[in-house]
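What follows is a group of structures, each given as structure tokens.
Next come two complexes built around chain A: one with chain B, the other with chain C.
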Partner chain A sequence: MSWVREAFAVFEKEVRSEWRTRVALSSVALFAVGALTLIGLALYIGQGPTGPQTAAALIWVLLFFTAATGLGRAYVIEEERGTALALRLTARGTTVWAGKFAANALLLLLLALMATPALLSLLKVKTANPALLACVLMLGCVGIAAVFTMTSALVAQATAKGGLLAALSFPMLVPLLVAAVHGTNAALGVGNAAGAFAPGLGDVQVLASYAVIAITASLMLIDFVWNEG
Partner chain B sequence: MATAAKLFLGIWMALVTAAAFLYLPAAQGFMSPEMARILAFHLPNAMVVIIAAVASGYYAFRYLAKGRSLLDDARSKVAASLATLFCVLTTVTGMVFAQVQWGAAWNWDPKQTCIFILLLIYAAYFVLRSGIEDPEKRAAVAAVYVLFAAVMTPMLGYVVPKYMAPLSLHPKQASLSPEYHSVVWSFTAGLIGLYAWLHNIAFRQERLRLALLTAEAED
Partner chain C sequence: MEPGNPRWKPGEVALRLEGVRKSYGARRVLAGISLEARGGEVVAVVGPNGSGKSTLVRIVAGLLRPSRGEVALTVAGGGARDAAARRARVGYASPDLALYSELTGRENLEFFATVAGKRLSTEEAERRLAAVGLAGRGNDPVSEYSSGMRQRLRLAFARGGGEAPLLLLDEPSLALDERGVALVGALVDEQRARGGLTLLATNDPREMALGDRSIVLGS
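Up next, the complex of A and B:
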């Protein structure tokens, strides 16, 4: 089988087995709903001023921690089910990574698609440039999914998997999160009242190159972990 | 030979430390020139952090690429633990300096941010190691994490100054007197010697542990 078809087969398997139980999807969705409720309640009680800057920061805090609860299952679940060996026999390490990464990215994009409008309407923040917001969210989610899929493969070999995933991923995601928050600020009109695309262009470039680097590095390194387990 | 080198290193470090207080003039251009002498210790520590981080990455690469020797993994681990040690020393001396010169111990200055993230990476690295029982699996996973971090973190060098440049407090062109250059570089040389010595001791300890484990397995 060609590399692309093999990767797509893994992606298909991920989506299908997720759709049977919908464990990751529902846990991620419930976590997001809980976080949104908490944000809404806390700001309602505090009644402090919530501008677009608060919204931009909260979007990425929400996405990072929701990703940490849902995306870590990618490799862990194969070890738990005892299916890792069968997968290792049928597919290459890089295609398994690519398939799982695509499924994770899809899950995170779905989440961003639902949670971001909810959060923005909750905080009554207007979007100055929806196209820029969509670009920043999409590239940011792809980068986060790539890093979490890679660290999930590392964590799958360790005990105490829960908290470890966020601890391993956070330091590496700092460049992405800084650029993403900056770009979201521009999309929400901070220092960009006209809603132009140009103020966020640099952030989009940083996010795109981050995603490319994360994907390339993962594909080069994954075989060393995958063949170990 | 080894004893002579250790003796020389001890005398050298004592002399340079004395020079930092007696020979070094107060650094002009800072809020408190007399207190700025801590630079002579802060800068060399930061340079040794870089050396230790590169050594840790190099041995992780060698473990994966050449022969899968657990000794290389031990070298990588020892370098990482020393990187953590010098990271803490750099952060603490930097915080003392920042408290005196900039009014607050922590300012989210780009260099402070970067060193803090480096500390977080090494902390996560040791938690990851402690979570894996099998030595060979642990070595491979830890090596991959070190190399992944080595690829992903240089972006910080571009991203953090881009967004946080207005917050930068570190002097761009330090107008330090020539005495500073000689003291800082002499201390760096001594500290590199100290690093090599510490690395050697910790590595020998790890090697003994490995030998004990294999001896126990054979019994």
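Up next, the complex of A and C:
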């Protein structure tokens, strides 16, 4: 119970700090709005029809790069501001990770909740199975948040943080992104005109397993990263 | 700051450093530091800039791994050789330690107490702030604090509820006015009265005077 209370305190602090400073929020929002505007402009100039497959790819391009922009700073900012010392002195590595992961997942889910309908309506793509799309988005966001939170801890004390973050995260996220794009295709009706859940079930299972493995591995390894000095 | 009742009996708190070395690549910062100190003592760590005072304090705190050597903190018969166990038993203040500027002073104390597995009421947080001269400023964001007030908040963070058997103070009077300097003296006296041990890294003659003995680095 104490572990949950400590992790929740970190989550609460992350949300409160973000609400007051809006560092990640503004960079994530700026990137998302910028990307949506560019996609809209490209479609307006091109005037061509856009298929659901393009929409599925664009959703995950948007979520991946927005996550790389905003979520990767979770631990980096603690090192840069000097607050990592006080945190390291008082908190357990696993509770810090869990609190930061929960805050990152919340931010990415909120972005997905707002950006996906906007993108789909911009591309005039209909959703064949909204429940499948919600499952794929939720599990994909959780997996991405877990990986970016862990890699943020890994690169926090490195010199070339930005480059390292993307270089470490992308290979780890390839299996998740393959399942996420495939599942989103199914939810948008690609090869699934009836809008059934079954064609995307395998992808949902892969995404759920990936999220569980990413969270478990992070909780097992974070102490080695956090306590290293 | 009122000296509290003794928390530890003589000899219950002991710190032993044996051949502690720290190198960054080819550059050696600490070359085999050994020390034995007991509860109730105040040990000043002195030396010129770059002599490794802050590094030594960080190693003792469990925030930095020594290249060689051993650090052992014993409290009432229970040993704490590994860094994580030591971190839970020290109060630490250093110019390198920052608290969250977007949170208030009170929120900072409450947050760090909670993640350390303790419960801190608002009243107790206010009392701790008042003890370092920050009464009435607990609800202000730390970003609005002066550097002296931030240093006082660091002292409140280090002091906690007076439960740390080992107090590690790295240049504690930095940016403090005369009353603040007196506060450092009171904090050290309080720790001594409780039977706890204090390690004080400093070059300030006023702080050196608080020590019962000194170890000189870089000599």
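Criterion: the second predicted complex is superposed on the first by the 226 of 229 C-alpha atoms of A that agree within 3 Å, B and C clash if a C-alpha of one lies under 4 Å from a C-alpha of the other, contacts with A are read in each partner's own complex, and residues count from 1 in each chain.
FYI, a residue touches a chain if its C-beta (ideal position, glycine included) is under 8 Å from a C-beta of that chain, and two chains touch if they have at least 3 such contacts.
Just so it is clear, the structure is predicted and the values come from calculations on it, not from any experiment.
Contacts of A:6 after superposition on the shared chain: chain C is touched, whereas chain B is not. Counting residues of chain A touched by each partner, chain B versus chain C, the larger count belongs to B.
Residue contacts after overlaying the shared chain place A:182 against chain B, while chain C stays out of touching range. Of the two partner chains, chain C is the only one touched by A:21; chain B is not. By the touch criterion stated above, A:81 is placed in contact with chain C alone, chain B being left untouched.
Shared contact residues of chain A, touching chain B in one structure and chain C in the other: 228-229. Within the complex, the chain A residues that touch chain B are 147, 150-151, 154-155, 157-160, 164, 167-168, 170-172, 174-175, 178-179, 182, 202, 206, 209-210, 213-214, 217-218, 221, 224-225, 228-229. Those residues of chain C lying in contact with chain A across their complex are 58, 61-65, 83-84, 87, 90, 92, 94, 96-103, 107, 111-117, 141, 157.
Those residues of chain A lying in contact with chain C across their complex are 2, 5-6, 9-10, 13, 16-17, 20-21, 81-83, 85-92, 95-96, 227-229. Against chain A, the residues of chain B that register as touching in their complex are 64, 113, 117-118, 120-121, 123-124, 127-128, 131-133, 136-137, 140-141, 143-145, 147-149, 151-153, 155-156, 158-160, 162-163.
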